[in-house]
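The structures considered in this document are given below.
Shared chain: chain A. Partners: chain B in the first complex, chain C in the second.
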Partner chain A sequence: MSPPAMPTKEKTTAPALAVNGLSLPPPQLHPKIQLEEEQENQEHPSGLLDSIMWMAAPKKRRTIEINRTRRRAESKLIKVKNNIEPCLECGHLKQKHVLCGFCYAKVSRETGLIRQQINAMEGGPLRTPTVETVVLYEGETPSTQDKDKRIVERPRKRPAWFSY
Partner chain B sequence: MRLTLRALVSHGRLARRMGLGPESRINMLRNILTGLVRHERIETTWARADEVRFYAEKVSGGGDVDEKAMKMASFWLTEKDLVPKLFKVLAPRFENHSQGYTRMARLPNRENLDRAKMAVLEYKGNPFPPLYPVKRENELTLINQLLKGYREEKTKDVEEL
Partner chain C sequence: MAAAGTGSGFVFVRNVCGLFRDSSRLAVLARPQQLSWFHSSSSLSTKNWEKKNLKVFPPQLPEEARRPAEVHHCRRQIKYSKDKMWYLAKMIRGMSIDEAVAQLEFNDKKGAKIMKEVLLEAQEMAVKTHNVEYKSNLHVAESFSSKGKYLKRIRYHGRGMFGIMDKVYCHYFVKLVEGPPPRPEQKTGLDQAREYVQKLKDRTVIHSL
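Let's look at the complex of A and B:
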């Protein structure tokens, strides 16, 4: 596209007076339009043409009494639990429908040691035998029920809480 | 016009969604079931234990060993050395039980940041120490000591007569 053709200017139609850096405001067409423009500039730079007040803000400080009633409402307080009771075996606290943490930790530890013994007996992964298992402690001999079962020996006294 | 609305809330819906979809859920339950059959007592989250319980009872309850049962067992147990254990150890163990081969108990919440609801799931008749303490009579309570003394006196009187 060729640049648009410039209008041909005669050298004689140059302006008579040339001012450098115009400092005056642009010429006003009508005083009313000037007032509206000023108001718009004062309002908001993004240019909202509606009412001046558009953001919600609290009118008054909330008193401490009102704050307290809101903060200490029934729904916001921590509920009291009445299903906590001491475990009959160890005396630690437990919930009624949940196992005692201390007693289960004892049992879990012992099962871990039994499983270590089983792994040592099996010798490697994926070698489960096709027979039942029974755990015997020090000084115990297999009874008639444990005839065809794999015996896992634990080198300690039988604990009081492990007896069938 | 639609007369019924499918509610956004899941009130009364019993099918749980786990993992990345139904296939992922079945794979996850398969892994947990394999662990249960191997170790006979496992600790997981309560929701997973509840889901696995149904499958654990279905898998270990079957007595007959036909082609279909073998295929099901080989699908559900990812470690193939447990398939003979299932048919030779678990199935005979539960012959006399009609239902209820597993026991599930709630544990205290996990110690992590998530405080997840945990449960322990075990097959009945496992060789490990029991979860619930066996009720034992205490000889050293006052009433038991008095009754013991009474019984001894009675036997002494009978001997004297």
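Let's look at the complex of A and C:
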């Protein structure tokens, strides 16, 4: 096969590109206007809904195996806690660095009742006397330390956890 | 798990209506007994986990190993996601009941509180009706969650589009077995080495004389 006849004069109007086999069309005269026209043709109805050029989308459906390996990875499983111990006072479980929930509830119930008593004594807001308060239970007399203090009486036996 | 439809709303509604029409037609035409290739039992009830407690074994012979007591318990239609419930179910698999209850008590998830109630109910059932002597001598043999019946609601998107939102429900199943939890056997290095050497020795040449 004879090689194709080469033209004797290879003269192009525009500067030739060094790389062979380029897919882009060769640069033409009046490049700016033609480039804009091409862009318009390529980008179809220019709107947010149908711009296929720049929105990322998944190419394939993620299989259940891939999904499972991601969801069940070691980092996503719940870690077992090793800081749970029984409370020495009540025997319920507690975390080492946290107060026992049962004991806290027990104490807050009693403090709530004391606060109700104090509200009943005061009768309204902003009537707190400017002296200290001491809580006394059944059968208790104020000691020498409690001389100038306001006494709140609670009609029950002193709870074991409420020391003097 | 919430479905989000981004297609045109009207066509979607038509398709959905078509689906419901088709299913109702099928149910009217066929009697359950005739459609034996759909499911083998004649009834559509799938509450089989509760039925496992009713199974009665024949009395054991004196030389047989003691069959450990089992109790199956479940809770249906919990307002929680089955995928989120799975993480908790996976955590307590294989634990003793006390350990499992302790872990669930200090877990902050919504399903942990429900799961703890189910475990305590099952423990009580085991002691009262399933001939378990010590309530602490139980371990979690099986624990898993499954999908309940979802409610469908409409979720409004912009531009008049809508999607159907699923209000998720799940079931939770647990099986407690009497006895300490089975420990996974620890293989020493010597055992592994011995096994490896044995595998090498067991190699044989096929089609040889």
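In this text, the second predicted complex is superposed on the first by the 91 of 164 C-alpha atoms of A that agree within 3 Å, B and C clash if a C-alpha of one lies under 4 Å from a C-alpha of the other, contacts with A are read in each partner's own complex, and residues count from 1 in each chain.
Note that a residue touches a chain if its C-beta (ideal position, glycine included) is under 8 Å from a C-beta of that chain, and two chains touch if they have at least 3 such contacts.
Keep in mind that this is a model prediction, so the values were computed, not measured.
Trainee: Following the superposition defined at the top, how do chain B and chain C come out on chain A, clash or fit?
Mentor: Here the two partners, once superposed via chain A, fit next to each other without clashing.
Trainee: Which holds for A:R61: it touches chain B only (first), chain C only (second), both, or neither?
Mentor: After superposing on A, A:R61 lies clear of both chain B and chain C.
Trainee: What is the contact status of A:R71 with respect to chain B (first) and chain C (second): first, second, both, or neither?
Mentor: In the superposition, A:R71 contacts chain C only.
Trainee: Once chain A of both complexes is superposed, is A:W161 in touch with chain B (first), chain C (second), both, or neither?
Mentor: first
Trainee: Figure out whether A:K96 sits in contact with chain B (first) or chain C (second), or with both, or with neither.
Mentor: neither
Trainee: Of the two partner chains, chain B (first) and chain C (second), which one does A:K147 touch, if any: first, second, both, or neither?
Mentor: It touches nothing on chain B or chain C.
Trainee: Who does A:K81 touch here: chain B (first), chain C (second), both, or neither?
Mentor: Touch status of A:K81: second partner only.
Trainee: According to the stated criteria, A:V131 is in contact with first (chain B), second (chain C), both, or neither; which is it?
Mentor: First partner only, chain B.
Trainee: With both structures placed on chain A, which of the two partners, chain B or chain C, ends up touching more residues of chain A?
Mentor: On the superposition, B touches more of the residues of chain A.
Trainee: With the two structures placed on a shared chain A, what shortest C-alpha distance in Å links chain B and chain C?
Mentor: Checking C-alpha atoms only, chain B sits 7 Å from chain C at its nearest point.
Trainee: If I apply the document's touch criterion, which positions on chain A are contacted by chain B in one structure and by chain C in the other?
Mentor: On chain A, the residues that contact chain B in one structure and chain C in the other are 95.
Trainee: Please give the residue numbers of chain A that touch chain C in the complex, ascending.
Mentor: For this pair, the touching residues of chain A are 71-72, 76-78, 80-81, 84, 93, 95.
Trainee: Using the touch definition up top, name the residues of chain B that touch chain A in the complex.
Mentor: 38-39, 41, 43, 79-82, 84-85, 88-89, 93, 105-108, 120, 127-134, 136
Trainee: Going by the contact rule at the top, pick out the chain A residues touching chain B in the complex.
Mentor: 88-89, 94-95, 97-99, 101, 103-104, 107-108, 110-111, 114-115, 126-135, 152, 159, 161-164
Trainee: Where on chain C does chain A make contact in their complex?
Mentor: By the definition above, chain C touches chain A via 83, 87-88, 90-91, 102-103, 105-107.
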